[in-house]
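Below is one structure, written out as structure tokens; comments come after it.
Chains: A, B, C and D, in written order; residue numbering restarts at 1 for each.
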């Protein structure tokens, strides 16, 4: 594939939309993002890396971290995970509490806030709060081959200050017995991993193993079992974009996960991994320009899993 | 692939579960089904057909017909369809009316009852009720190469008698202006296409085009555009099994659609199509033994789209 | 009490609001109502009748008929009624279907649409559809001493044409086994009693027995038992104004029932009955000027049950 | 009235039910209550006090305190209160969070948990947390003429420990901007006033002013304006028993408020006030024997507001 042509076409396709969408503004650090920014990075199984525009600028990965915490949890406890969280799309906004009441404190899936809080709680219980974050960072750094990946403490502190809704979710689940640690401890870890800063290059690289059956094709290391790798992709496909998941699957046809920082991670099984970033969000909280870029990329490459 | 070994292994895997699940009993014709029945048929792109057990016994395809009506609607009106129905998973049971109230008469997707009623209404308006059914049957017969495919009128009449819930859905949508034809007319067509009787062989063969970018690989005929084919598969993946869709994606990893008659249709892009049938259903209304058979098949063949 | 002073003060209080609110427009007959109209009639236990303005002009009583059908049902089957309908406020709009799903076809109370349809269904089953309407009209005529009370057939037919939402409710309840007669038959009777035309004088007079322990103080006839009379008032107090019931109780403090035709019936135990009419509705579907008039009346008379 | 006959008849009526119902067990202090206990006290406007059985034994008033905090709030800010909380019945359990999401953080009424937390928050903001509790206790002691009324600190601490659900509600409302103080501060005050211990005699005496237009008939002191008194009773009538309010109004026909400690306070306008206590609760969280006793009392006395 002529990647310079591919990237040129993607840039042409998104040009009319640059700057559109609404930047997340619930914390200052995110509100300050420049909506004109756009970065993209494609990493292939043979090690080729194709970066565009602001692909080396770090941003707050936010909910994309939920993919990595879900992976850690599956590695640690396997299918035991599903006793505390489901794997069904919610049909509701990312922070909805309604289903938690009718479903008695069991969140719908690990990629909405409530579910990711439960996953974090499980990891805090298994590993300890500090060791859990250390392990997560360590894996991301190793996979990305880049020790500069860090938690942005300013973002983490802001998230905690603005975290009333997540505290409501956590306390609610605690009232149903689905939280093992003190709310404040679990949420501290949760806010911290949401505040990890990465750039598109690091993110795509770190997730490459998900496109190759759980095995990083460059290092050769098996990160998760083949079976869990398939399943992580499945959950991303079903539930990766809150109440926008069906539309994302319809338009892009690849497992992915978006974050309110404007990042989107996408896995193209047997081809590679892609990270895009552009801060302006659509109504469902997914990067508007980022998803258009992915739609263009998939059209050109034919990487949809449905072809 | 050694298909006789594959089918033998599938049979071994499901053996302990034969007869389990609960046969749909809301109409006599379905309630009479023998829970021990099991059929499976795999059709490959090269025309090979691999049948197991009761693969030639007809059953009521029920909601699997929604895939074919959605295809017809996309062919006729394209993306206009999405003005009247969404493409998001519902996070609710197949016949839930709750979301219709908060979303003002627009059903979540074309593969739940409310959505399929809207799709039927659109086709009735576009084509006329009789011509619509004639066209649907004609296409199924041509694709399957089998003129014996018929509407089971006994089932259709029973469905209508037991159809209060669907009448509620239809009237509810009419109250929001999302129904063009009289409720009774649209529902008659809806109950009729749900009552189509097919066997696994016919069903898998008729849907083969969905595994090959919209083009039937045997006849060479393009049934839907490549783009809409991808999208039909995407909607099946996101929404094909009601509130069980995430679990199906997790376990089987292929676009599919189940019906309360015990049939499941599954598409393996670039490989082929699969139909299974076994009348006992799990709690979400999907064939229990059928989905176990598919899980085994996918494990052996590695056909998951997430590998 | 100096009733000419009372009525003068009420007229002064409402003067600035005449014509406000939104006239129901879902059927032509209601949409044609003049929003400037206002009528009021107070009937006392000693037979005194105090009428204001348009108190002798007939209007469509609409949901106020639900009080009389609930009374008929309690008289006929007593507490058996509560097997098919609750007596709790719904916390939802008058035509909501959401709770019917979680509560499996049992409506919250007899004064919302779903509940009144069940009550009508019960009466149709017990008495027959024609006899039921004949009995209802007969009682209203006898109580009001006025044979001119009729069903407005134009309104009844319009209601049926615009009745998709009520058909949805009825079919939905039928799907849960909470409807005995064919939907069309029950709804025909329902639309008919909602289309009864009365004026304020007739309405207040006909309901006077509810203010005197079930016994009409003029004729001396016991219409319902003392016990059921208390309970009819209780249900009116809890549930008489849909999702506006708490506000009505807060502001007016008397059992009442409103209709989208702009009428409100109110019972002042041991004092008398009051009917007001003004077509402009507030957001919850209760007469805006009518409820202001009642608020003024209650302030002057001190008739609140909470004093 | 022959009160010894009245009390004898009440005792006879409840005898077969003594010990029935389920004692609240979410905190040890409540779980330890003896389900056989039953107390009742009627206080009349002339100062007569009629006590039965365990009327002098203290219990945790729990949600009954919400009547007094609502009264304090209305006295302080008047109708401004309704900007932060509604006055409609919820149609939901006492601790439901569902409506808070669709109604954006505004609780339905001041007598469910969420609403009482907002009322407490308002009082904490207006008066300060300690002064607010001091004022509340002071009023209760003065009204009851009994300085022994205290907060049971053991209960208050237990409530806080078991308070995850209330913390969820408070954080949820904070996320919508409907909480002024830190969650922990508001909840501390909330748990404290729920933990006030009173006996039936004290409780009935302290609430007597609500039966006499806001003026304590013994001391002659006006506690709240006549208008607000009517309205406090109105809110108790509409919303005093969570999702059981309609049934309570139907059976007892008086404004009241129940608590999970097994107490019920009831106001009989122009007659007097009644407190009952018996720890066994019905499914909706209202004292089972207590409400039967009230039903019997109202039948004998004819105190229903609907007569």
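Heads up, the rule we're going with is that contacts are C-beta pairs under 8 Å (C-beta built on N, C-alpha and C of every residue); 3 or more make two chains touch, one makes a residue touch a chain.
Because the structure is a prediction, the values reported are computed rather than measured.
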Intersection of contact partners for chain B and chain C: none
Furthest chain, CA centroid comparison against chain C: A
Averaged-CA centre spacing for the pair chain B and chain A, given as whole angstrom: 32
Between chain C and chain A, distance of the C-alpha-averaged centres to the nearest whole Å: 55
Approximate Å spacing (C-alpha centroids) for the pair chain A, chain D: 47
Touching two or more other chains - residues of chain B: 102
Pairs of chains satisfying the touch condition: A-B, A-D, B-C, C-D
Touching residues (chain side chain B, partner chain C) in the complex: 96-98, 100-102, 164-165, 167-172, 174-175, 183
Chain B - residues contacting chain A, complex: 86-92, 99, 108-109, 213, 226, 229-231, 233-235, 237-239, 243-247, 249-250, 253, 255, 269-270, 304-307
